[in-house]
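Two complexes come next, and they have one chain in common, chain A, joined by chain B in the first and chain C in the second.
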Partner chain A sequence: MTAALSRFLRTDWFGPLAIIVAASIGISVFDPSFLSPFNIQILLLAASVNCVIAMSQMVIIAIGQMNLAIGAIGGLSAICFAGLMQVWGFPPVLAAAAGLAIGVAAGLINGYLIARTGISAFIITLASLSIFKGADLGITRAQPFYGIPASVKAFGNTTIIGAVPWLALPAALVVAGMWYLLYRQRIGRYILAVGGNANAAELSGVSIARTVISAHAISGFLAALAGIMLVARLQLGQPSIGDDWLILSFAAPVIGGAALSGGHVSVFGTLFGVVIVAIITQALVIFRIDPYFVEVVLGLLILWAVGVNRLREVKFQNLASTA
Partner chain B sequence: MLSLEARGIQKAFPGVLALQDVTLTMRGGSIHALLGENGAGKSTLIKIITGVYRPDDGELRLNGEAVRFEGPRDAIAAGVGVVHQERNLIPRFSVGENILLERLGGGLLRPIDYDAIHAEARRWLEVLELDLDPRTPVSQLNVAKVQLVEIAKALSLRSRVLLLDEPTASLTPQEAEVLFRLLRKLRDEGASLLFVSHKLEEVQQICDEVTVLRDGRNACPSRPMAGLGRQDLVRLMIGRNEQIPDWAPSDHSHAETMLALKNVSTVLGHAKIDLTVRQGEIVGLYGLVGAGRTELAKCILGLYPLTVGEIEIAGRPERIASVADAIHRCGIGYISEDRKQEGLILAHTVLENAGITVWRKLAGRFGLLRDEAVRAHVSPVIAQLEVRTPSLAQIVGNLSGGNQQKISVAKWLAAGVRILIVDEPSVGIDIKTKAYIHELLRHLADQGTAILLITSDMPEMITVADRIVVMDDYRIKGELENSRRYSEMSEGIMALIHARDAA
Partner chain C sequence: MNAPTPIESSQAASDAKGARGAIAWTEIRAPARLVLTNEFGLILLIAIFGAIFALGTPGFGSQFNLFTLGRTTAIDIMIGFSMMVVIVTGGLNLSVGAIGVCAAMAMGWLLERVGLPVPLSIAGALALGGALGAVNGALIVRSGLHSFIITLATMSVFFGVMVFISRAQAFRNLPPEISAFGRMRIEGYVSPLLIVSIVVGLGLMALYRLTPLGRDMLAAGAKVAAAELSGVRVGRIFVICHILSGILAGIAAIMVVARTGAAIPSMAGDLGQDWLLPAFLGPVLGGTALAGGRVSVLGAFLGSVLVSELTNGLLQYRIGEFWVQTWLGLLLLLAVLMDLARRSLLARMGSLTR
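Entry: the complex of A and B
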């Protein structure tokens, strides 16, 4: 019993989950409407899109890199999705497929440049952020697409059952898919291996280039998916989609115990990290704190989470050296 | 029978010609020794044979056919396996997954079968008589186990050509014996093995053939081991006989104790460490890789806290809270084993590197630091050490390894430290500079510096140290007065390390 308990305590997701439970109880004591079906639905809506955004960054953190361009990729895919439906009358499924393909292509370009040139991901994605964002603004002249079909609007704003919105469905599939990918698929293991010790992975015959390119393609796909989900939720193809993703995309994986040096991420930890961010945003509204302070809180949260991870890492090293 | 031949191999790195017209012939059914000093080019040759590097010139022939490896994958596919010198496992993955990393199997709809992987891995651990659960994460293993897991990984490829770069560096003699039995078995089954080790006793014990490299060239072509004695091998490796300088043993027992550790335990896992270094004395701290010597040095420097016990500097108990504290208040200098990572700032000039320790002292009003002040302080030291550099403005990264090492000594001389901790000073340094560094250490000690010398190079230890302290598994196993008689000392040291198993 104690052994099982201590194993739980050591997992990455236990801490964030405990925070979620404690915060939910604490906030609902002040304001019982926090746990009302309506509020839960709003929480789930925010968490669904944010969760896909966070996974898009998490897969890059897993290989020990960072992707500054996820917001730009998501924005570009989003306006392509909306534009294809409004201007050329594409059916939503086809337009979504095209949007996702653009995301994958953008990720492939990032990955290819990083793998072939050896220039750091930070620089490459900083440059491609500017390129993708510029393309987005150039295509739209910074004007939104309004002609979104009713079916798409409904997908983004109705519920399947009770308080569970339709948008939670793709998010749940992404969480399950990422878990399967990282823990039960060869490419996922290679992503973590390259992040953990790229040299060792290469000497074992793992192709670093192919792994890096795959990770970026997956990241691009998820960023595009998040962009498309946001079009459905906002009911318009807003060119500014993606502009505010960056901080959240790092905050959630880090709260979930990811090592920014690579090689270690937690899918469920990241999911709970997203929920914590959603709860905090809600709590600020409930306690009537200026929503502009959300960013301040997010920043503090990242610092706190990095500190906790660092502490765990030091403990982990000491454990290893005495074993 | 599988044979592998490297012919006329040439390889240059920026600024160094690492290999020049090197030839190596490995036959099936034989264990081939590759010998040479640090920096002679052994690891480079191994990396060329296993596809990590591509040769600039020359060719590899496998069973008489020319082959070209574009990467490690190609070499693995051709049946060439390797245990590299540096650690090459993924820390957070299990032992089993590491062993079978490139053969995880599974497909899009077929998840990776970890039970099968761990069962397969267990077989290879059993071959090595290693009682270890393949589900254990590698990060929880000690260095010796990690090394054995790497060997298991190479074996699991069923390579017909297997290269082992210092596989015994962190193994106990018993563990090494198990490995040797296995290597002989593989040889008898027709495999072709290459064995690199600094321990000549081991090499003579298990190898049938030998190739020696010296300064990136063949000091001898591949030839049978029979008829070669230890002295012959040494002569081939260093180009002359092994010389142990005839320094008169000096008695330091009445000199002032400069550094004393009393019953020290640390957060890194050291326990009950007692150690003294007197003025003018060189104390050698010997141990296998992973014994905790460098870690102890870092604790003395204040990088990691003590949990029990105390450190006395010149008879006064001191709490050393940081490296700055160690340098400026206690006068302790540290010459890192990892000169490129921890010792020098390669992109900076000689002046900046050698002067970094005195900036604080020389900084004038408002913290302004004038180059002339630093130059005046550093120049004599650079001259004293005979550093070959065109000027003080030279970038350190462009100097040879030996001269870089001199700069890392120079910065402590400039700082005027009383206690110097020297960690593996001659790794990657040619013989001449090595002898020079040894004389330098002796000279510094004779002038009153207390020196703690960390090295895994037994001849170096026996050449330089006055007293040898043996460490194993983060504990002191005992100490010996150095008689400078090689066989007597090496037996004494190994006996102390062995003592673990009796205890």
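Entry: the complex of A and C
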């Protein structure tokens, strides 16, 4: 019993889950409407898109890199999705497929450049962030696309049953898919191996280049998916989609216990990290605190989380060395 | 930091390349050495594009355009310097934009609400910039975490607190001297802001070339362990670098205030993100090693000049407008790829002459 409990305590997702439960109880004591179906629906809507954004960064954190370009990729895919439907009258499914293909292509370019040149991911994705964002603004001339079909709008704003919005469906599929990919598939093991120790991975026959490129392709795909989901939710193809993803995309995986040096990420930890951010945003609204304060809280959360992760790391190392 | 992050390991790899390049360096004849320097290449590019733009568009060479170009360049140079002094340590500072906006807003508040004279307000703004830099430096050194995640977090915190306190309101009733300084023209086309940037650049050159502190910064950036063994207090040096970065970001922001005549919270975009590209473009084009330990103040200066010139020229041709960011991104990509090619060429030339 105690062994099982201590195993739970040690998982990455236990701490965040405990925070979610405590915060939900605490807030609903002050304001019972917090757990009302309407409020839960808002929470789920925010968390659905943010969860896909966070997973997109998490894959790259897993290989020990960072992807500054996810917002730009998401924005570019989003306006292509919206633009194809409005200007050329593409059916939504085809337009979405094209948007996702653009995301994958953008990720492949990032991955290829990083793997082939050995230049740091930071610089490559800073450059490609600028390239994709410029293309986004160049195509749209900074004007949104308004001609979104009713079916897409409905997908972004109706619920399946009760308080569960349709947008939660792709998010749930992404979480399940990421879990399967990272922990049950060879490519996932390769990604974690390359992130943990690239030299050791290479010596045991893993192609670093192919793994890095795959991870970036997955990241691009997820960024594009998040962009497309946002078009459905906002009901327009806004060129500024993706501009504010950067901080959140790091906050959620780090709260979920991801090691920024790579090799260690938690799918469910990241999911709970997203929910924590959503709850905090919601709480700021409920308690009538300035919504701008979200940015301060997000920044402090990142600092707190990396601090805690570091302490856990040191503690586990001590445990391992004494055992 | 116990496990080397991939940033560090990729830096270590480029370090090794740099070392090979350095061996080759001494073995190349003097004229070839001059032509292959980064600075020479930048001057050549600046001259070529200057000629193309001057001949191709009537507006580019006009006194007014040269004046505004010089003013924008001065700001970009300063933003580049504020990143450069941290890149020297092998780290980076994502919060330069956020610190800059905080400093500018502090100046606006001191001038408009407190009613301090201009010099004191500027001093106050730069002190805040330095203090925020010190927070960054202390957090990085104390936690042992990479500066990327720390400054990503503080960028959000600094900007959020600034918006929270200022209620996102701009200070527009500043003393007229400030915007007069921004509009002032020397000889018809030289902005005094450009002179400020040149003076600061000369100061930084003197710092790295002549002072023990500057040499310690380079040594600590090149190899932390070796610097520590030779008695450099690395943690203290890193904090000083971040303080310097904060002050330089403050100067850049004050220049923006002089140009626009107001302190506006959105002057560097959301979270100050709009400064990131100019901040990295200048130093990276200029050959400052991202791995740390190697700096070229002149290169960073010329890099920023090239970027501003290209932006201005593209706008003059009216092909840029919305695509400017794409061109700048491609330029950054091209710059790092060419740097890679140049180094491998130098390494090959070195092995040939041997």
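Note that the second predicted complex is superposed on the first by the 323 of 323 C-alpha atoms of A that agree within 3 Å, B and C clash if a C-alpha of one lies under 4 Å from a C-alpha of the other, contacts with A are read in each partner's own complex, and residues count from 1 in each chain.
FYI, a residue touches a chain if its C-beta (ideal position, glycine included) is under 8 Å from a C-beta of that chain, and two chains touch if they have at least 3 such contacts.
Values in this document were obtained by computation on a predicted structure and should not be read as measured data.
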Open item on the list: Is A:A200 touching anything from chain B or chain C once the two structures are fitted on A? First, second, both or neither.
Closed with: first
Open item on the list: For A:S128, using the defined touch cut-off, is the partner it touches chain B, chain C, both, or neither? Pick first, second, both or neither.
Closed with: second
Task: Per-residue touch tally on chain A - higher for chain B or for chain C - done: C
TODO: Please indicate which partner A:R186 is in contact with in the superposed arrangement: first for chain B, second for chain C, both, or neither.
DONE: first
Task: Common interface residues of chain A - those touching chain B in one complex and chain C in the other - done: none
Task: Complex contact set, residues of chain B against chain A - done: 50, 52, 71-73, 76-77, 82, 84, 86-93, 97, 101-102, 104-106, 108, 111-112, 139-142, 153, 267-269, 295, 474
Open item on the list: Taking the touch rule as given, give the residues of chain C at its contact with chain A in the complex, in rising order.
Closed with: 1, 3-7, 9-11, 13-14, 92, 139, 143-146, 148-150, 152-161, 163-164, 168, 270-271, 273, 276-277, 280, 284, 290, 321-330, 332-333, 336-337, 340
Task: Residue ranges of chain A in contact with chain C within the complex - done: 63-66, 113, 117-124, 126-135, 137-138, 141-142, 195, 198, 243-244, 246-247, 250, 254, 259-262, 290, 292-300, 302-303, 306-307, 310
- [ ] Using the touch rule from the top, collect the residues of chain A that touch chain B in their complex.
- [x] 180, 184-186, 189, 192-193, 196-197, 199-207, 263-264, 316, 318-323
